[in-house]
Amino acid sequence: MKKIVLKFGGSVLYKEEMVLNVERIKEIVETINTLHDAGHKVAVVVGGGKLARVIIQASDVLGHVSTFKDILAVESTRIHALLVIASLQNKAYLLVPRSFEEIGKALSTGKIVVTGGLQPGQSTNAVAALVAEYWGADLLINLTNVDKVYDKDPNLFEDAKPLDELSADELLEIISKQDEEPGKYALFDRVGCEIVKRSNLRLIFTNGSDPKNILRIVDGENIGTVVNG
Amino acid sequence: MKKIVLKFGGSVLYKEEMVLNVERIKEIVETINTLHDAGHKVAVVVGGGKLARVIIQASDVLGHVSTFKDILAVESTRIHALLVIASLQNKAYLLVPRSFEEIGKALSTGKIVVTGGLQPGQSTNAVAALVAEYWGADLLINLTNVDKVYDKDPNLFEDAKPLDELSADELLEIISKQDEEPGKYALFDRVGCEIVKRSNLRLIFTNGSDPKNILRIVDGENIGTVVNG
Amino acid sequence: MKKIVLKFGGSVLYKEEMVLNVERIKEIVETINTLHDAGHKVAVVVGGGKLARVIIQASDVLGHVSTFKDILAVESTRIHALLVIASLQNKAYLLVPRSFEEIGKALSTGKIVVTGGLQPGQSTNAVAALVAEYWGADLLINLTNVDKVYDKDPNLFEDAKPLDELSADELLEIISKQDEEPGKYALFDRVGCEIVKRSNLRLIFTNGSDPKNILRIVDGENIGTVVNG
Amino acid sequence: MKKIVLKFGGSVLYKEEMVLNVERIKEIVETINTLHDAGHKVAVVVGGGKLARVIIQASDVLGHVSTFKDILAVESTRIHALLVIASLQNKAYLLVPRSFEEIGKALSTGKIVVTGGLQPGQSTNAVAALVAEYWGADLLINLTNVDKVYDKDPNLFEDAKPLDELSADELLEIISKQDEEPGKYALFDRVGCEIVKRSNLRLIFTNGSDPKNILRIVDGENIGTVVNG
Amino acid sequence: MKKIVLKFGGSVLYKEEMVLNVERIKEIVETINTLHDAGHKVAVVVGGGKLARVIIQASDVLGHVSTFKDILAVESTRIHALLVIASLQNKAYLLVPRSFEEIGKALSTGKIVVTGGLQPGQSTNAVAALVAEYWGADLLINLTNVDKVYDKDPNLFEDAKPLDELSADELLEIISKQDEEPGKYALFDRVGCEIVKRSNLRLIFTNGSDPKNILRIVDGENIGTVVNG
Amino acid sequence: MKKIVLKFGGSVLYKEEMVLNVERIKEIVETINTLHDAGHKVAVVVGGGKLARVIIQASDVLGHVSTFKDILAVESTRIHALLVIASLQNKAYLLVPRSFEEIGKALSTGKIVVTGGLQPGQSTNAVAALVAEYWGADLLINLTNVDKVYDKDPNLFEDAKPLDELSADELLEIISKQDEEPGKYALFDRVGCEIVKRSNLRLIFTNGSDPKNILRIVDGENIGTVVNG
């Protein structure tokens, strides 16, 4: 039995502008069901995506302070989380936790907990790392739109090399560089990374286009990129 | 000083598919500010709209039970409510109430309360009527996309007549007929209507395309259609 | 294993004016225990009754708005729900949920959830239908004081015929007629009925004077009246 | 401006078995309004009464543990509190606080807070003393069914003497004796008394049959019995 | 299978001024794990201790009302409770309940519930007795710093005799005497004692210096002092 | 009228190991009262300090995951916040908010809101910046134990220069360097800094040893170091 925190966001959830990738969501839900039926325990953190943009753009035009834009983004992730909960139905904790304390209450029921973001000034990657640390997870799997983490942004550098493994410090360094570059190849955020590091979490990035990858990783296959805390 | 509950939804909030009518929202917020500065008290109930559709369609394809579709629709109304709160900022109660009890707590602060829907199986019109009754409102103003209520659906019947005034029973009858017709000229819902009736609330329908109408109604002008409970 | 939502109210709970039918409540609790021990899952929705009247009459004399009368009625149903919870003790979720979200949290524990009403403007029948839909119940059993649903109010019409089966639309029609008649043969409410219809729920009315009927229905016997969504 | 905590229970709320004393409640509400309009601040703690008995008797027959009987009694006090809130409407905090923390939140709104009991194992007298201490009240007025506190139970002892003033220690002693006597002349409870003592609260007992007494006490008249912490 | 409520406080938690007895806490946690793995059910109530003193002294110098000192003391017990929860991790309900209702919610998950105090004016002994009564516990074990309860304070009276067994009434009497003596040999409080009495709870005092005593008591050994409700 | 967020932590709260600086706290509370009486609006964010260390050390020895250490640290800040609330009594919101949403509810009452930390993985500096942004504060004043911010850690570098003014980017750079140095001259954290930057907040560092500095800053005097977002 393994405890797995699964994180995914917009690149997995949406096909194109405002069109949810329903087939993909179905596959992920089936994968979670498979893990659950095999005796594994799963918690899910769902990120934002294109839905949020329409709203945040409006918020921007309306001149709102950034806190509210963050809150609107968080609410969007919760709507995505609800889609997953409704698909898992009674295997899942039926509510989206709205604070870290509610995550604790939800985990205490033994159900599959599906959460979105929690509050302004914090990414869903940080939430995922915190949930993994709090819950004592064996694996934190981050579904992205690339097969591996690269040492540089592959969209900008031709010589970017895919990595099989790296340390949390190396990940922090890659993330730091990204801050200074406009390409916004946002893998993970700094706070999340520091939690991975302080608790030596096992974080694995894999391509979310094939949710079967999750099962392979849980079975111990070496796919994607492993970050060892 | 008057106590006013203001209700509006998708027809006022959106310009077209997924494009929020930011200018309209701004005008409504200015109107609320004007009322507030003149010493009136305002509570706002915001409905759903096109945002919800993308999500609910996905929910439908994913085979979710209707309760979850209702919950997703409620969450969408809350995102709209947040846009209004962020615009009013410290004049408003900063949270969107998530239950009827939270509406009571919010009203107790004396701030402008902005709420969306509350729970499955209940429309935002019913919520608006309940808030008006609970709070002892003088006026419940419903912004729609027509100037008046018609005795029949004007999209279907050429001889539909605009009404200046009607009773809650007459409104109930108009609504009942709509149930049997596919045109979906959804003015108000039955539960909301019964609350208007039982407490003799003063409900006024007016065209939301000109938010100044709100000020005129508060000043006692006879525009739109008045329902006397 | 079946998932059963059990609904009952005043006609089952009270013997006469302000005298609770303790023996009946005991029988119902034993029945729930039997179902539970046989591996079935049960949720319970408890309605109001004579207790509420004393309070609501006082509320009326005190000139309260109807919302408060509804709230007082809801609180009365919660006191009834507590009586059932205290009887089931640790098999039950120990609190009475106070909002639809709390029902979700309660169901997530896997315990027997016992709820009363939720908020003004909504009947416990509507709550029962929502819980059945949300939870994916196989059966929604409504204990009443008659053996069958009649096509008309049997207190008013001698030729009223008992029905073995009817559709949700037929039930809606029966309910609609009742609205116009003073006899107040209140079977179920419109909102509840529409939820039964939209989700094709299996709703069964049976006489609560013999709680063993519940077991018979769960075992597949044809007693009472079946409404097929 | 004075801060006043007003406590009353069954002897004031009920005329006879299950008949609420609506006129008395009205008079008390008018008195609270008068105090409020004169610039005083009021918090109200409402106790139980005959309503609770029907329920608790049933609970007893059903064999419930005492905690649940206490919870049922607390819920009854909350229904009484709601009657007062609905009468004060928007001058009052619209909810009955369900924990001591919620009392803090309610007091923070500046509205008239009306609470019932809080939890098992604690009387509404203790709650009233705690609220008075927490809030820094000038006066804690306890409406009873006698004009004065007696040095012994006047129902049992012919030579019982009415007291104008006593210390918290003397009150404790009177209460201690009552414990050993079956007459149940329950003035106040020990925990409440210890709070009055430790914080030197000004507690005044007066006859609730004339709510005007409250105004007289606030104006400094010497009626009833004063306990000086 | 037995249901056990375990209560301990400062004398067990601290080695000396501000130095937590980490080894002792570890032993207690191991004992709870042993009970849990043997199929017993455990709930834990943790009291205050030296940590609280620094804070309450400051509160005193700052001139705070006693309610706040109680609240600060309660918060200290919650910090102690968190230390136990973090040690039990996923066997425990992950939050410290903040009201009696939250204890009900926590117990409903089936996890080991660890709570501190609940509110001002109430000791953790009273909380422990209420939890034992509410939950239907077979045993309420109170870890103290003496092997037995004495008929008088052994620090003050040379002829104090250790007791193997006593009734709740006898315990009440011992406690009452203590009130009048400055030695503060605080065994248990009056409210807790009355709950033990009214529900005939089985309360056992034992020395917390050897947490193995807990296992012996659960196995039926006669150590410590038994109070039979 | 200005809106001021005041942040202070351990260096201001404690005199020495486990001895609270009660005089300092009194002075700060008086300053807050002065600002309040002059019509300014104040919110307060209180950090941790030496109290937390005893507990976190124990947590460390007990082998807890870091999330729990963070939670224990957050609870310690809340105890500090309670000391401030109890000193301000009815001018303050009486509870310490436990989530960002509760901060919104607290701010909506118009009272002085005093909060500690909110959740694991987030500093009280980040909380202070978020509160300032959310609330639209004119000033975010951070009380430290130095008169000015230095361009390098003055404990390590003799040539460290005090700064009157700097940009958020410059502050970020100073903070980044600190990460790599063991001296732990922790001014502010990165997340807080990014919020200051994105919303162009006015953040002022000043020496907390003289709380009168706060009044001088509000009056427009140039003391301490100003960060312009």
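Order of writing sets the chain letters: A, B, C, D, E and F. Residues in each chain are counted from 1.
Methods note: a residue touches a chain if its C-beta (ideal position, glycine included) is under 8 Å from a C-beta of that chain, and two chains touch if they have at least 3 such contacts.
No experiment lies behind these values; they were computed from the predicted model shown.
**Student:** State the smallest step count from chain D to chain F, taking one step as a move to a touching chain.
**Tutor:** 1
**Student:** In contact with chain D and with chain E at once: which chains are those? Just list them.
**Tutor:** C, F
**Student:** So which has more C-beta pairs touching, B-C or B-D?
**Tutor:** Counting C-beta pairs in contact, B-C comes out ahead.
**Student:** Hey, which chain ends up farthest from chain A, C-alpha centres compared?
**Tutor:** Greatest centre separation from chain A goes to chain D.
**Student:** Can you check how far apart chain C and chain E are, centre to centre, with Cα atoms defining each centre and the answer in Å?
**Tutor:** 42
**Student:** Centroid from C-alpha atoms only, then distance chain E to chain F, rounded to Å. What do you get?
**Tutor:** Computed from C-alpha means, the inter-chain centre distance equals 36 Å.
**Student:** Counting only Cα atoms for the centres, state how far chain A is from chain D in Å.
**Tutor:** Roughly 53 Å, centre to centre.
**Student:** Could you list the positions in chain C whose residues touch two or more of the other chains?
**Tutor:** Where chain C meets two or more other chains at a single residue, that happens at 65, 68, 89, 101, 105, 109-110, 134, 136.
**Student:** Examine which chains touch each other and state the graph shape they make (line, ring, star, complete, other).
**Tutor:** Topology of the interface graph: other, matching no listed pattern.
**Student:** Let me make sure I understand the interfaces: which chain pairs count as touching?
**Tutor:** Chains touch in the following pairs: A-B, A-C, A-E, A-F, B-C, B-D, B-F, C-D, C-E, D-E, D-F, E-F.
**Student:** Where on chain C is chain A touching in the complex?
**Tutor:** Touch list, chain C to chain A: 101, 104-105, 107-110, 134-136.
**Student:** Could you please specify the touching residues of chain F with respect to chain E in the complex?
**Tutor:** Residues of chain F touching chain E: 18-20, 22, 25-26, 51, 54-55, 58-59, 61-65, 68, 71-72, 75-76, 78-79, 82-83, 85-87, 89.
**Student:** Going by the contact rule at the top, pick out the chain B residues touching chain F in the complex.
**Tutor:** Interface residues on the chain B side: 89-90, 92-95, 105-106, 109-111.
**Student:** Tell me, which parts of chain B touch chain C in their complex?
**Tutor:** So the residues of chain B in touch with chain C come to 65-68, 98-101, 118-122, 126, 129-130, 133-134, 136, 190-191, 195, 198-199.
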